[in-house]
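Listed next: structures, encoded as structure tokens.
Common to both upcoming complexes is chain A, partnered first by chain B, then by chain C.
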Partner chain A sequence: METVIKQSGKTQVFKDKANKVMGISLEDAKLTKSYLSVAFLAILLGGILGLLQGLNRAGMLELPAWLNYYQVLTAHGLLLVVVLSAFFTIGYFYAGLSHTLGGLLPKVRKMAWIGFWMKVFGFVLAVIPILMNEASVMYTFYPPMAASPVFYIGLVFIVLGVWMCAFGSFINVASWRKKNPGQHIPILSFFATGVFVLLFFGSIPVAIEVFTIIPWAFGWVETINVMVARTLFWAFGHTLVNIWYLTAVSAWYVIVPKVIGGRRWNDLLTRIVVIALVIMNITGGFHHQIIDPGISEPVKYMHVFMSLAIGFPSLMTAYAMFAVFERTARKKGGRGLVGWYKKLPWGDVRFLAPFIAMAAFIPAGAGGIVQSTNQLNQVVHNTMWIVGHFHLTLGMSVVMTFFGLSYWLIPYVSKRVLTPQINKLGVIQTIIWTLGMIIMSGAMHWVGLLGSPRRTSYSTYFDNATALSWDPYLFFLAIGGTLLMIGVLMQVYAVFYLMFFAPKGNTEFPIAEVEEDEAPTPRWTERWGLWVVCMIVLVGMAYVIPLVDFIVNAPPGSPPYKTW
Partner chain B sequence: MMHRSEKIWLILSFGMIIGFMLITGYQTFALELGPPSYGERIDPQKVDETAPFDNPGIKKIGEKEYEVVMTLQVFSFTPNEIEVPAGSTVHFTLTSKDVVHGFQVAETNLNAMVVPGYVQKITQKFDKPGEYLVLCNEYCGAGHQMMSTTITVK
Partner chain C sequence: MMKSPVYGLLLLLALILPPAANLLESIMITHMHMQMPLLVISGLFMAKFFQNRFPGFFSKWNENGVPGLLLFSIIMVYWSLPRTMDEALTLTSVEVFKFISLPFLAGVPLRDSWPKLSSFWKHALIIFFTILFLALGWLYIWSPVQLCNNYLVIEQITLGWGFISTAFAMVVYLIYSYFMDFSKYE
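Moving on to the complex of A and B:
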């Protein structure tokens, strides 16, 4: 293997071609299969826990003392926001790196495996105290609530595991660039670079937070600075979900146009969207603190701008996607102002699922803009509205894109093919998931506006009339949750069928080409060092003032509390 | 490289975001509708000994104007069951004695994070008579779903 890597550019070209004809190497395939298996086991488990919550919130199910609502919620959040998303993203992009860069370097593959086991180990460490009711602190683990130190040590391993994969991707991309001077990083690897840059830089704040929490949780340090911890968390917490979104966006730009038989959007504009999202993402997390004390109104106002700015590349994406659909459909003979939509392959789950995912981002993104705006945030902060919002963004836009990808990515790595039956199952699954999410997330948005809080087990607040009036809406959480559980089961069945039982054959890794008459993309788009510097400058603008204020003018700290 | 329609779309997008900013800025700074941002520090372990929280309760400070000094702790609000006449403006001064809590009053725009070590302030005019549900909207422990009280407006 080593010798192959050290070959000249010519061999590289040959290898690229071989890769395209013969498909992914078995070793690279195994890596992605393992990552995807964990991802879909996480959704199975996380889905079951989600259903339990939905039934509880509807007042239909009382959870036992040994597995209470807050344990279930902590595990559900960790499994779906961290495990499912991280493992899918890494599995997908590592397959993409392998495919577009002519295979993973042996060293990089090893790093990804070490990262895999570090994350699995870290997750097991984090889950044990949750099951023992020693870490019912939610995905956000705000101090001064203190979980068992084992929980935080688990988080450290998860972060380190993610960093291994980030560095692995940088090494592979750097090596490719060295061998292909003057060339642009292939578009999917360009997205991967953006995602891993964000994963690395975005998780630095939470790593610092956790390193200050651990000695405090052990009792070696008496108190903790609550606002510093909280601010560091959100510099990470929102970046993380935006990374999963950027992963979905990569599929919209690169994969979906190929699936529908078209060409992808302008290469330069695509790369600008990636660069903009990388530079602006980390500062967006501050809108989670709009109604926090101790941050002045001008600082909050600046942060509203930083959060809303992220909307701009998303609006560019919205245009690009529909332009690609229309262009492709018209080439196939589609007519009329909107009549061209008939020419799109609606019966193909590889298109249908990501299409609905994109469409869901229209209300999801609009809701996001609304709730990151000062006064409007105050109306919905910490209500069920927020839960509805991230089930629309993550549960639909991101996860449905992941589902849509799985119908070719898994056959691709397992050297099998998607059968018409599984495609049909996928279409039905997509419809069930869509209905489930619309019902559940719609009800959550509405009841949130009425005031029902998030992260709260079923409560009538001592038969308060206002709280009782929320019950009919909360009932829809049970209906939506049940549909989603059916969707999870169908999806997990499809995934493991495609991985182990579907007929053998070659499946293509669908990457769309640019339009033939497109002008070459300028070289400056490749200046990753500059983008990282811009990102750091922006993060500095956003965080230096409040963090310095929290540290210099800190109140006496807080001791650890276990309030559950 | 860019289509005319895309340029129009992007100008509209940019305009929309700037519009949001202008309206938000006007509301925040000219109309003083900004989000609760009070920042005075307090020792979170000595709340009971620190003024004004050594004497939590409701105080009339003017014609139909009240000040409520309130502590939040697992899993209650002190004082609870507040009563004011309709049309009253109520200024809340809040802090936490233990973990992070949320102060939310359903059917109003009262919504503020209450973080140990910090004093938070928020104001609301209660026009409509009725019983308002006050609840904690930040998960704070095993009894979080019980943490509530009421404000009665007569």
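Moving on to the complex of A and C:
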């Protein structure tokens, strides 16, 4: 199998010559390697905890008193949702910035390192109270449940660490623009800019939330406004979800076409998708609060509309991807209405994993539309259906894309090559993961429809007949979880093998070119200041009315509760 | 080629329709921050029609764009007063004036002026509106009394925060354009 990908064509202009000949600089490589190592250690730990939960839910394992279900669940959520995704996203995009902008500025590299240690420090602070059973508040951590203040202080450091990386990327992009007047930001850095804009603006609400929680958790103030805190949390939580999605989308548009030997989708439309996702994202947060009290019906209705609007760029993406696949396959001699698919490189894990990830987004997106609909949300809210949904979106669409990226990104930063054996391992891993997720999330969706609640340790509710009827599905959940655990072990093995033991060699950073006859992209796509302003105005439209209502007409606040 | 004025006119007509107008005017913030900007936008779309029809008028009276800018600002300031909003709801003549003045005396001149203005004037306009919006936000939020007969105090406060968040967006834009010299990319 060929692991060295040939580069040619237009984007050459954008690249630093040295970068091409020698690959990534050792210092930039070290940064990305560190971020990715943490990411994959998080998936290892998180996977083990996930399996414990799965076995418990199936009634097959009783957790010991010193490590209860809710501790495990909090750690699983934080490890996978915050640590894995943040560290992978930053490691990947910093490698992308380094590659497409001709290396990171020394200042920026330093910022990314400070950010790294702030996040690690913050995470350690947050984990200590979880282990002590002082912070079993789940990764959503909003009031009225209150954890030890140390937990929230840890979160502050994580947010500050993320901001360091966001500003680092802005500085690097701005300096590149100064040196390359009149040129478009290279497409992968364009995606990175979008992602870091969202990371920064999306984490402002959660920073405000945490700063109001800390005095409350210390007991300096007695009560807190629960609705405001929840709303601020979801403005962030929802944005975070879409940040990983946008990260995965960047790979679909930019990397995958190169891996299959094709060209990428229209540059202008790609940039419009990024801009649309950046502008419209934050306001989606309310769809997590569809059955919250205290929000008037018209506001909820407006938010359903705002949420579904995000579906539009997603549909554009689906169209674009299949167009690229078909075009490439036909160029390679693919024939017939559907027969062209045979020409795609199914045996290459760098294609197979992200392809299945994209395919998984079809049912995952459909489920998302279901949940955004008021009446249907009432049926599935807080049931296992939701857990099934985000294992499909995150655990499949996003994480499998990350897996697929790791098979060239890690060799690229460690100056090694992907061997045929590891490629084969990757293909098998992809199949196991696919089966595991289909079984697990299928069972979760179904048992959720039958009423099984999420975030609940195993219980038969005094042998209630309905609760007993969930058991067969929960058993499937455990089978799927076991398969996934095998997948985790294979993936982590592949990652560290590629990082430290694979044969030395040169792996290229696969970035697809645009079609030759494409019209030049107009300049207005570069007006990030304007997009940010549009985003703020939209956020204002979405949040001013309900927030003022929550604050001015506030019910009595809530004291801190420890429910566990 | 002359499509955009038609769209502008359609938008204006849609906004005049009584159900649409009543809906948007029933909430203070959508009245001022949705209906009024949409009226201005309809004017932006229709401007081409007038520019083509009366080229002499625009080049004579709005040579460097500043007169149009002033007209736009006066109309906008007029419609940010609580009193005028109230009157639009009670006096039909004022309501009619709103549907005429915002598209034709604010939207059209803005469209004609903007390309003619130097970046000094463009920034001056944004700074002016940022300060105005901060002041209005302050007024609507901390006013001790109900300013409009037609809207409750809670709506007034909501509108105030709407002004503050719009001002914040403009501040972000100003900071951005201060650090990024966009002329290099045009």
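Keep in mind that, in the parts below, the second predicted complex is superposed on the first by the 549 of 564 C-alpha atoms of A that agree within 3 Å, B and C clash if a C-alpha of one lies under 4 Å from a C-alpha of the other, contacts with A are read in each partner's own complex, and residues count from 1 in each chain.
The definition used in the following text is that a residue touches a chain if its C-beta (ideal position, glycine included) is under 8 Å from a C-beta of that chain, and two chains touch if they have at least 3 such contacts.
From a predicted model like this one, the values you see are computed outputs, not experimental measurements.
Asks: Touching A:Asn553 in the superposition: chain B (first), chain C (second), both, neither?
Replies: It touches chain B and chain C both.
Asks: Should A:Gly529 be classified as contacting the first partner (chain B), the second (chain C), both, or neither?
Replies: second
Asks: Contacts for A:Gly311 in the overlay, against chain B (first) and chain C (second): which applies, first, second, both or neither?
Replies: It touches chain B, and chain C stays clear.
Asks: Is A:Ala323 touching anything from chain B or chain C once the two structures are fitted on A? First, second, both or neither.
Replies: first
Asks: Just checking: does A:Ile362 make contact with chain B only, chain C only, both, or neither of them? Give me first, second, both or neither.
Replies: In the superposition, A:Ile362 touches no partner, neither chain B nor chain C.
Asks: May I ask you to name which of chain B and chain C touches more residues of chain A?
Replies: For chain A, the partner with the higher number of touched residues is B.
Asks: Where does A:Pro181 make contact in the superposed view: on chain B (first), on chain C (second), on both, or on neither?
Replies: A:Pro181 contacts chain C only, not chain B.
Asks: If you stack the two complexes on chain A, which partner ends up touching A:Gly540: first (chain B), second (chain C), both, or neither?
Replies: In the superposed model, A:Gly540 contacts chain C only, not chain B.
Asks: On chain A, what residues does chain B touch that chain C touches as well?
Replies: Residues common to the chain A contacts of chain C and of chain B are 553, listed in rising order.
Asks: Can you check the complex and tell me which residues of chain A touch chain C?
Replies: Interface residues on chain A, with respect to chain C: 174, 177, 181-182, 523, 526-530, 532-533, 536-537, 539-541, 544-545, 547-549, 552-553.
Asks: Going by the contact rule at the top, pick out the chain B residues touching chain A in the complex.
Replies: Residues in contact with chain A: 1-3, 6, 9-10, 13-14, 17, 20-21, 24-25, 27-29, 33-39, 41-46, 74, 98-100, 102, 104, 106-107, 109, 111-120, 131-133, 135-142, 144-146, 148, 150.
Asks: Which of the residues in chain C come into contact with chain A in the complex?
Replies: Listed in rising order, the residues of chain C that touch chain A are 27, 29, 33, 154, 157-158, 161-162, 165-166, 168-170, 172-173, 176-177, 179-180, 182, 184-186.
Asks: Spell out the part of chain A that touches chain B in their complex, as residue ranges.
Replies: Result: residues 68-70, 136, 138, 142, 144-145, 226-227, 230, 266, 268-269, 289-297, 300-301, 304-305, 308-309, 311-312, 315-316, 319, 323, 369, 373-375, 377-379, 381-383, 450-451, 453-459, 461-462, 464-467, 519, 553-559, 561, 563-564 of chain A touch chain B.
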